[in-house]
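Given below, in the form of structure tokens, are the structures.
What follows is chain A paired twice: with chain B in the first complex and chain C in the second.
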Partner chain A sequence: MFCPTDRFERAAGVVLRPMPEWGRAYAYTPRRPALTELNTTTWLIATLCDGATLAELEEEFADAVRRVAGDNAARDTLHRGLAMLVEAGIIARTEDAAP
Partner chain B sequence: MSNRTRTLLYLRALIDADRTLDEPRLEPVRLHVRTAGSIPPKAVMAAAGYIVVVWTWRIKPEVTRTEIEQWELGHAAELNVAENAAQPMTGIGGAGITDAETGTVPSRPMLAYHGTVLARRSVFAPPGRTVQTLWGAWGEGRQWLEAVLSRAPDTIQPEWLQPIARTIVTLRSELMDGEPEVTVIDPSLPL
Partner chain C sequence: MSTPGEVGGTPWMARPMKLTLCLTARCPLDCRACYADCGARPAADELDTATWLRLIDELAANGVINMFVEGGEPLARDDAEAILAHATARMFTTLRTHAVTIDDATAARLAGLGIGRVYVDLMGATAATHDAMVGVPGSLDAALAGIAALRRHGVPVSVLVILCRPNVAELPALARLAAAAGADEFGVLRLYPLGRARRAWSALALALDEQMAALAELAADLPAGLRLMQSWHPNDANCCWQNAAIDPYGHAIGCPYLRDYVDYGDLRTTPWLETWNHPLYRRLRAGAVDGHCRDCASSQLTRGGCRSTAYAFHGRWDAPDPFCVTMNKGTDLRVLPDRPV
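Up next is the complex of A and B:
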């Protein structure tokens, strides 16, 4: 489970290579040498992760997909995608130390 | 406009066009070490009359990477039979071939599957997933390869080639969208 104040950003050394003509992106994770294919949804989530908090991500993601998904569905999808990206070592989570 | 902004605009447009938000998905990309490891040096390939047949094909939209990998495993298993065991490569005239680098005579199956890899297409290629499947053959394997890639399984002799041909039929009928683009690489020809 993530906290609203957790911050998310691309993990150190990860290379994200968009392949727009395929609607896919590929991530290379040097720490656990692997190449991973991201579909449109995980690619969008990974792109949004530039140090933003979870609360900010929820807002940005919901705005990006508002034509095809309601707020609740967007939030659930975002959380599932974030969990996968963190697990794969593509996105790093930082717990916010601020009081 | 920053790259990030451009990417976000593109993704929004893509999702809007699809009219649906796909489930988030990550798929490992298998790197096919077989491709590099199982093709002998060019001089040896040329002396043995080695050819590589490349099929460039598009995956049907509903087919997953896992299904392709399952097909690969089944196809490779059908090739791994006693009749196709690795044997010392010989030149077209029947003489042995020595690898100039190692001084040894390489042993290879006459008919080999080198793997299916993501194809690098130009940005002008139509959207969709395109891959390349590579087979190699030398000696009598050249006729075997031609048979399994182009003929109905039950018409092929020897019979041990028929299960291999059936996996090719599965590839064409269940995984492939349309017809493959066929390229034959003959290393005996100059670049």
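Up next is the complex of A and C:
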């Protein structure tokens, strides 16, 4: 479960290799050596994770998928994608220390 | 750069993402089926450390994210771990080895470097077969000790075998040995017409029906927990259409199994991505092959199978792969045509 103030960014050392011609991307996680295939949705989420908070990501992601998904579906998809990316070590979550 | 719709890839790729780096042609073993004519002494014209590091930087900058390092025996180079460390910081890196020099300390260092998987070649389930195939007594025991050390340090291990006449009867036993050693994947590779294997072809090669029977017997009784990988078309999707490779001397060769047949450019003087657009490379990637199944490309991401084998048997780049049961059409795989390399 994430908090709205949690921040998300690419984990240290992770290499993202876009394959636009195949509509996917690959992520290499050197700290736990693995190559993970990302579909267009998780690829987009990984790209948006530049230190933004969850609240900011929800807004950006909803904007990006507005033509195909409503706000609730977008939020659910974002949270599932983020959970997968964090679990795989591709995205790092930092809890916001601010009060 | 090639573009969709042009000859140059099926499916099309702007740039390759995976590459086989043939680090060296030196090896402490003397395998009958060696593809690289390896020797114990380093060849004078192998790339030096600095050049390999520069090339790895170039590959990473151009999108390679998956590197398979093989030889020869990569660990026979004094600088192997420095080169592997440079690679693992930039791309998913796997290593093919005979494992005979991997002790506990080496295994710990390879784990620490972040090697994603180690592929270990075994040529038989018994010391009599394996050691005779690799030409050095004690090699099977040393390799199994190496696998055990890798597993103790948590490195995933695949066991590979090149299927040939001396080991075909031991294939099920070798799968059991691999599983017992802690491997989670068993790769059965076909014999390729390269190097010493080419010269010993008549003694090593099996007919296609013998190969298919061995694979069927193996698949029917595969040990639990062991994944089977095999390199007969149409299961050889890791092939010309997407692969890239560099030989120990810095030449782009597309695929390690093309090492005796093509040269797409000297990477000491030619940018690597320029070799991706070599006319022959583009032609081989296109999958323009006589007699391939109509649905092959859609289901297997490749058409017509291995170009190395096709060329060796038929002398044409657009010839069918004779190791495919559909495209074999009576080709006796035990008889390799005497064709200049």
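Definition applied: the second predicted complex is superposed on the first by the 99 of 99 C-alpha atoms of A that agree within 3 Å, B and C clash if a C-alpha of one lies under 4 Å from a C-alpha of the other, contacts with A are read in each partner's own complex, and residues count from 1 in each chain.
We take it that a residue touches a chain if its C-beta (ideal position, glycine included) is under 8 Å from a C-beta of that chain, and two chains touch if they have at least 3 such contacts.
As the structure is a computational prediction, the values presented were derived from the model and not from experiment.
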Three-chain arrangement built on chain A, chain B and chain C clash or fit: clash
Which of chain B and chain C A:84 touches, first, second, both or neither: first
Touching partner for A:74 - first (chain B), second (chain C), both, neither: first
First (chain B), second (chain C), both or neither touched by A:26: both
Touched partner set for A:35, first chain B, second chain C, both or neither: both
Contacts of A:45 with chain B and chain C, given as first, second, both or neither: first
Which partner reaches more residues of chain A (counting touched residues only), chain B or chain C: B
Partner chain(s) touched by A:15 [first = chain B, second = chain C, both, neither]: second
Stretch of chain C, among 128-136, 146-154 or 272-280, that runs into chain B once the two complexes are superposed: 128-136
Overlap of chain C and chain B interfaces on chain A (superposed complexes): 20-22, 26, 34-35
Footprint of chain C on chain A - complex, ascending: 13, 15, 17, 19-22, 26, 28, 30-31, 33-35
Chain A partner contacts - residues on chain B that touch it in the complex: 4, 7-8, 10-12, 14-16, 18-29, 31, 65, 121, 123-125, 127-129
Residue numbers on chain C that touch chain A, as the complex places them: 4, 11-14, 17, 60, 63, 65-66, 88-93, 114-116
Residue ranges of chain A touching chain B (in the complex, touch as defined): 18, 20-24, 26, 34-45, 47-48, 50, 64-65, 67-69, 73-74, 77, 80-81, 84-85, 88, 90
